[in-house]
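In the part that follows, the structures are each spelled out as C-alpha cells.
You will see chain A twice below: alongside chain B first, and alongside chain C after that.
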Partner chain A sequence: MADARGLVKRRAGARLWLSAGWLVLLVLVALFAPLLAPQDPLMQDLFAARLPPFWASGADPNFPLGTDSLGRDVLSRIMYGARVALSVALIAGILTCVIGSVLGLIAGYFRGWPDVVISRLVDIWMAFPPVLFSILLIAVMGTGLGSIIIAVVVIDWTRFARVIRAEAMSQGAMDYVASAQVSGRKRFSIMLTEILPNVMPTIVVLLTLEMGIAVIVEAILSFVNLSISTDDPTWGSMIAEGRLSIHQAWWVLVFPLIALFLTVLSLSQLGEGLKDRFDPVLR
Partner chain B sequence: MSDDVIYEIENLRLSFPDMAHKPLFGAAPRIEILKGIDMRIARGDVVGIVGGSGSGKSTLGRAMIRLLEPDSGSIRFNGQDITHLEETALRPMRRRFQMIFQDPMSSLNPRQTVGSIIAGPLKLQGFDRVSARVDQALDHVGLPRRFRSRYPHELSGGQRQRVGIARAIATEPDFILADEIVSGLDVSSQAQVLNLLEQLVRELGLTLAFISHDLSVIRRLCQRTMVLYRGEVVEYRDTRALFEAPEAEYTRELLDAIPLPDLEQVWA
Partner chain C sequence: MTLIRRILLRLLTTAITLFGVAVIVFFVIRVVPGNPVAMMLPPGATDDDIARLKALYGLDKTIPEQFLIWLGGVLHGDFGTSITTRQPVLSLVLSRLPATIELSIMALVIAMIIGGALALTGTRKRGTKVEGTIDVTNGVALSVPDFLWGLVLILLFGVLWPIFHISGRISPSIDLPFSTNFYLFESVLRLRFDIWADLVSHMFMPSLALAIPLAAIIAQLLKQSLKETMHLDYVTLARTKGYDENHVITREALPNAVLPTLTLIGVQFTFLIGGTVIIERLFSYEGLGNMAIDAVINRDLPLIQGIVILFALIFTAVNLVVDLTYAALNPRLRNG
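Right after this comes the complex of A and B.
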C-alpha cells in the first residue's frame, strides 16, 4: 500500500512542480518585464528586420529570439505579451469560475425552480456559437482588456454551471447530506460545508482549465485583431503577424506559439497536480 | 416494556411523483409508497422492520425522522405531532432522533475527519464539551481516540459503520433509526456491529428501529417485528411469537426464505 501511494505522489509532484515552475517564471517575467526585456517591445528598426534567433548565422546578440518583419524584438514582445495573457487568465478565469460555480451549486443542490431557470438559461446560452458570440460582443463593447475578460466570462460560465450542477446533484444524493439534515444543519449551510468541499477538486481543475482557455480566447481574438489595441504586444497578435512571414521568418510565429502552448499546458497540469496533491481522498 | 410510548404513527400515507409517466403539461401521477401505516413504539423497545425491496420500509423510516414529509396521517414523537412540522421547527428536536445509514461510505463526508463528522451534530445542537463528547462516543463504539484525525476512506467498512453509530449516539438521542446498517458489511463485521448495537441498547437504554431484509438479524436483535408488504403492515407482533407462529401468508414465505445451513454428509 505504502509503496504504490508513494509512486503516485512522486508522479503528481513532478507534474505539479514543472507546471508551477513555468507559471511562476511567467508571472515574474510579466511583473518585471520593463526590467528584464532586452529591448523596447514597440521599437521598430527596419534595418534589423527578420533577424534570426541567436544560434543561427547572421543573428544579433541584442535580439536573442530574433526580430519580426518590422525589426521588433521577439523575446521582449513575448515578455510583454505575458502580461496580457496572465491578466486575462487570472481575472477572466476566476470570475467565470465564481459565477458559474455558484449558479451550478444552487441549481444542482436546491433543484426545483432555481434549477429550471438556470438550466434553461444554460441551454439557451449554449445554442450560440461561442467564437461568433465573442466577436459580436467585442464588436459591441469595443476592444480592450476589459472587453476580452467580459467576453470570456459571458461565454464560458456555462461550462462551470453545467459541470458543477451535475456534480452537486450527485453529491446531494449522498447519505452524508441526509445525515447533515438529520443533525439539524440548514440547507444553505449544507451546500457550503458539505457539498462545496466535495465539489472543490472539480472546481480547481475546471478553473485552471478555464485559465488556459482564457489565454487561448485572447489569442484567438488577437488573431482576428479584436483584442487589445494593436500597439500592445500580445501572443495572439504576434502569431497572427508571424503567419504572414512564416516562410521568411518562422521564429516570429513559433516562439509565441511555444509560450502559449506551455502556458495552457501548465495551467491544466497544475489543476490535476493540485488535485492529486491536496485531495485528502486521493492522498 | 413500559407503556411510555415514544412513537405513535397513525394511518400514515406517503407518495412520490412518478416522473416516468409525467405528461408534458400538468402534474405527474403519484405512486403511493405507504398506504396507511399504524404503529407504536414504546420507549426502550427494539423494533425490527422487515419487508422485501419496494415494501416501503426505508420510506417509512425516513418519514419517521422527517427526512420526508408524509401526505396524510400523523406521526407523534414524544407526544408531539411532527407530521408536517417545518424544518426550522424540527431543527431543535433533531438531537432527539438520529439515524444510522446503510452505506457508511456514502453517509460519512469523505472530506471531513472522523472527529469533525462526530462533532457535527453536537455543534449544531449547541452541546458543550464537544471534544470530550466525541471521545466518549468513540469509546462507546470501541474505536481508538486517535481515529479522530482519520478520514473515512482510511477505515475499514466495519470501522466506518462504527463512526456512523458514534455520530448517532453522540447527541444522546431518545430514538435511533438504523436503516440496513449491516447489509453492506462482511459477515464478521456484521456480527461485531450487531454485538455493539446490542450492547449500546443495553447500556444507553436506546429505543431503536432496525430496518432490514435479513430476518435472522431481526430475530436476534429485536423484541418486536413489523412485516411490511407493498406499503402495508402485514404483521406487527412480538418477535418470538411472529417467528414461531407467523399469522400472515407473506410472513410465512419470508421465514421460509431464510437460508438454513444445508451441510452435506461429508462435512457433518
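Right after this comes the complex of A and C.
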C-alpha cells in the first residue's frame, strides 16, 4: 500500500514538474519573443510560401518549422502567438476567478436572496451553449483582446460560482464559523478571513483549469475569425489557416496545435498536481 | 414533497430559465454598442435604407416593445424571419436540428462504448500496468477539449491515414431519397446501407471528437464505482460460488455500479451538445451549430435568437429528464 502511494506521488510529481517546465518555457518565449523569433512574424514572402520544416527536403534553415501559404515563419508566429495565449490565460483567468469566486462566496455563505438571485443566474447561464455565447458576444462587442477577455469572464464566472458556493455552504456550517459569528464579528469579514482561506485550494485548482479554457476560447474565436485581428499571430488563427491548407502544408496546422495541446494539458495537469498537494489525505 | 409537486416546481424553474435566456439573448444583441440595423446592412447604406429596414423588422420600436412582440410570436410558434435567407426561422432551425441530434447521439453512443470498455478492462486488470495506462490516457483525454481532439483526428485520419471523411455530412454525389432530415435514421429504416455507410464515414470523426472527453469521464467514474462495488459482500459471495471474474464484474458488480455513471452522463450530455457548435464548424458538418456561427457572422438576429433559444430548450429538457429519472429511480428522493 505504502509503495503504491509512493508510486502515485512520484508519478504525480513528475507530471507537475513537466507541466510547470513547459509553462515556464512558454512564459520565457512569450516575454523574449522579439529576441528569440528568427523572423518577423508578420513578414510575408510569397516566394518562400509553404516551405516545409527543417528536416524535410526543400527546407530553408531560416524557417525552422516551415512557412504558411503567405510565406510567414511558423516558429516566429507560434512564439508571438504565445503572448496572446498567455495574456488571455492570465488576465481572463484571474478576472473570471475573482468575480466568480466572490459571487460564489456570497451566495454560499450569506444565503437568502443573494443566493436565490445568483443561483438562478447560474441556471440561466448553464442553458447557453458556451461556444455560441462567446461567438455572439464577440460579434456584438467587436474583435480584440479586451473583447475576448470580457467574453471569457462573462461566460465562465459560473464555473467558479457553482463550485465555490457549494464549498462556502459546507464551510459555513462548521463550528469554527459559528464561533466566529458568536464572537460578534462582521459576516463579511468572517467570509474573507475564515471561509476564503479554506476554499482557496479549490479556487487555485479551478484557476489553472480556467486558464486552459481561456486559451482554448481564444483559439476557437480565432478559428472562426473573431479574435484579435486576422494579421496578428495567434495559435487559433494559425490553426484556422492550417485547416484550410492541410493537404498542402500540414505543418502549418501541426505545430501551433502541439503548442496549444501542451499548454492546455500542462495547465490542467498543474491543477491536478496542486489539488493533490492540497489534499490532506494524499499529503 | 410529493413527486408531482417536485415535477411542477422543476417545470416552473425551467420556464424561468428559458425566459431568462430569451431576455438575455434579445437584449445583449441590441443593448451593447452597435445597433442591429447597422449589423444587418452592408457598409455604405443610406439613412433611408436603415429607416426602412428598421420598420420592416419592427426595430423602430423600443427594445421592451420589440421583446414583447417577439415573445408573443414565439408563444404562437412564430420565431420571425431569417434576414439572410428570408425564410421562417423555425423551419430553418428544424431542418438542421436532425443533423445535430444524430451527431450528438452517435457521439454519446461512442462515448458509452469506449468509456464502458475502458472501465471494465481497468477493473478486470486492476493493479496492473494496463490499469495504469488507462488512468493516464483518461487523464489526457479529460484535460483536452473536443475542439483539439477534432483537430488531432483530422490530422490522423484525414491526412496522415485518410480513411474517414473530414468534411460535410454526406457525399454530394449521393441522391437522397429521404423524406426527413434524419438521414442516418432513415437510411437504416429504408435499408439503404450504402448511404448509411457514407453517412457514418462522415460522422465518425466529429462524433469521436465529441465523445473522447465524455468517454474519459465515464471510464473514470464507472471504474471507481466498480472498484467500490467489488469489495461488497455479495460480490465476494458470488466469487466463492465459483463464478469467474468476468461474470462477477459484468453480471454482479456492474448493475449496481452503473447508476451514478448514468446520472453523470445525463448532465455531461448537455456539454456534449454545446460542443457540437464548434465541432460542426471544424468538420463543415451541416448542423445547427454551423448554422449558428454563420448566423452570427451574417448578423442574422432573428436566426441567432431562434437557435440560442432552441439550444437552451434542449439543454433544459435534457436536465429535466435526468433529474426526473433520477428522482424516480432513487427511492430516497421519491417520498423525501
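Just so we're on the same page, the second predicted complex is superposed on the first by the 256 of 283 C-alpha atoms of A that agree within 3 Å, B and C clash if a C-alpha of one lies under 4 Å from a C-alpha of the other, contacts with A are read in each partner's own complex, and residues count from 1 in each chain.
Following the convention adopted for this analysis, a residue touches a chain if its C-beta (ideal position, glycine included) is under 8 Å from a C-beta of that chain, and two chains touch if they have at least 3 such contacts.
Bear in mind that the values here come from a model prediction, so they are computed numbers and not experimental data.
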Dominant contact partner of chain A by residue count, chain C or chain B: C
Touched partner set for A:F278, first chain B, second chain C, both or neither: neither
First (chain B), second (chain C), both or neither touched by A:F54: neither
First, second, both or neither for A:F110, with chain B first and chain C second: neither
Contacts of A:N198 with chain B and chain C, given as first, second, both or neither: first
First (chain B), second (chain C), both or neither touched by A:A178: first
First (chain B), second (chain C), both or neither touched by A:M126: second
Touching residues on chain A, where the partner in the complex is chain B: 174-176, 178-187, 194, 197-198, 200, 280-281
Residues on chain B engaged by chain A in the complex (per definition of touch): 62, 65, 67, 87, 90-92, 94-95, 97-99, 101-103, 106-112, 120-121, 124-125, 151, 153, 167, 171
Chain C residues touching chain A - in the complex, by the definition given at the top: 13, 16-18, 20-21, 24-25, 28-29, 32-34, 39, 139-140, 142-145, 147-148, 151-152, 154-155, 158-159, 270, 273-275, 277-278, 281-282, 289, 292-293, 296-297, 299, 304, 307-308, 311-312, 315-316
Footprint of chain C on chain A - complex, ascending: 120-121, 123-124, 126-133, 135-137, 139-142, 212-213, 216, 219-220, 223-225, 239, 243, 246-247, 250, 253-254, 257, 260-261, 264-265, 268-269, 272
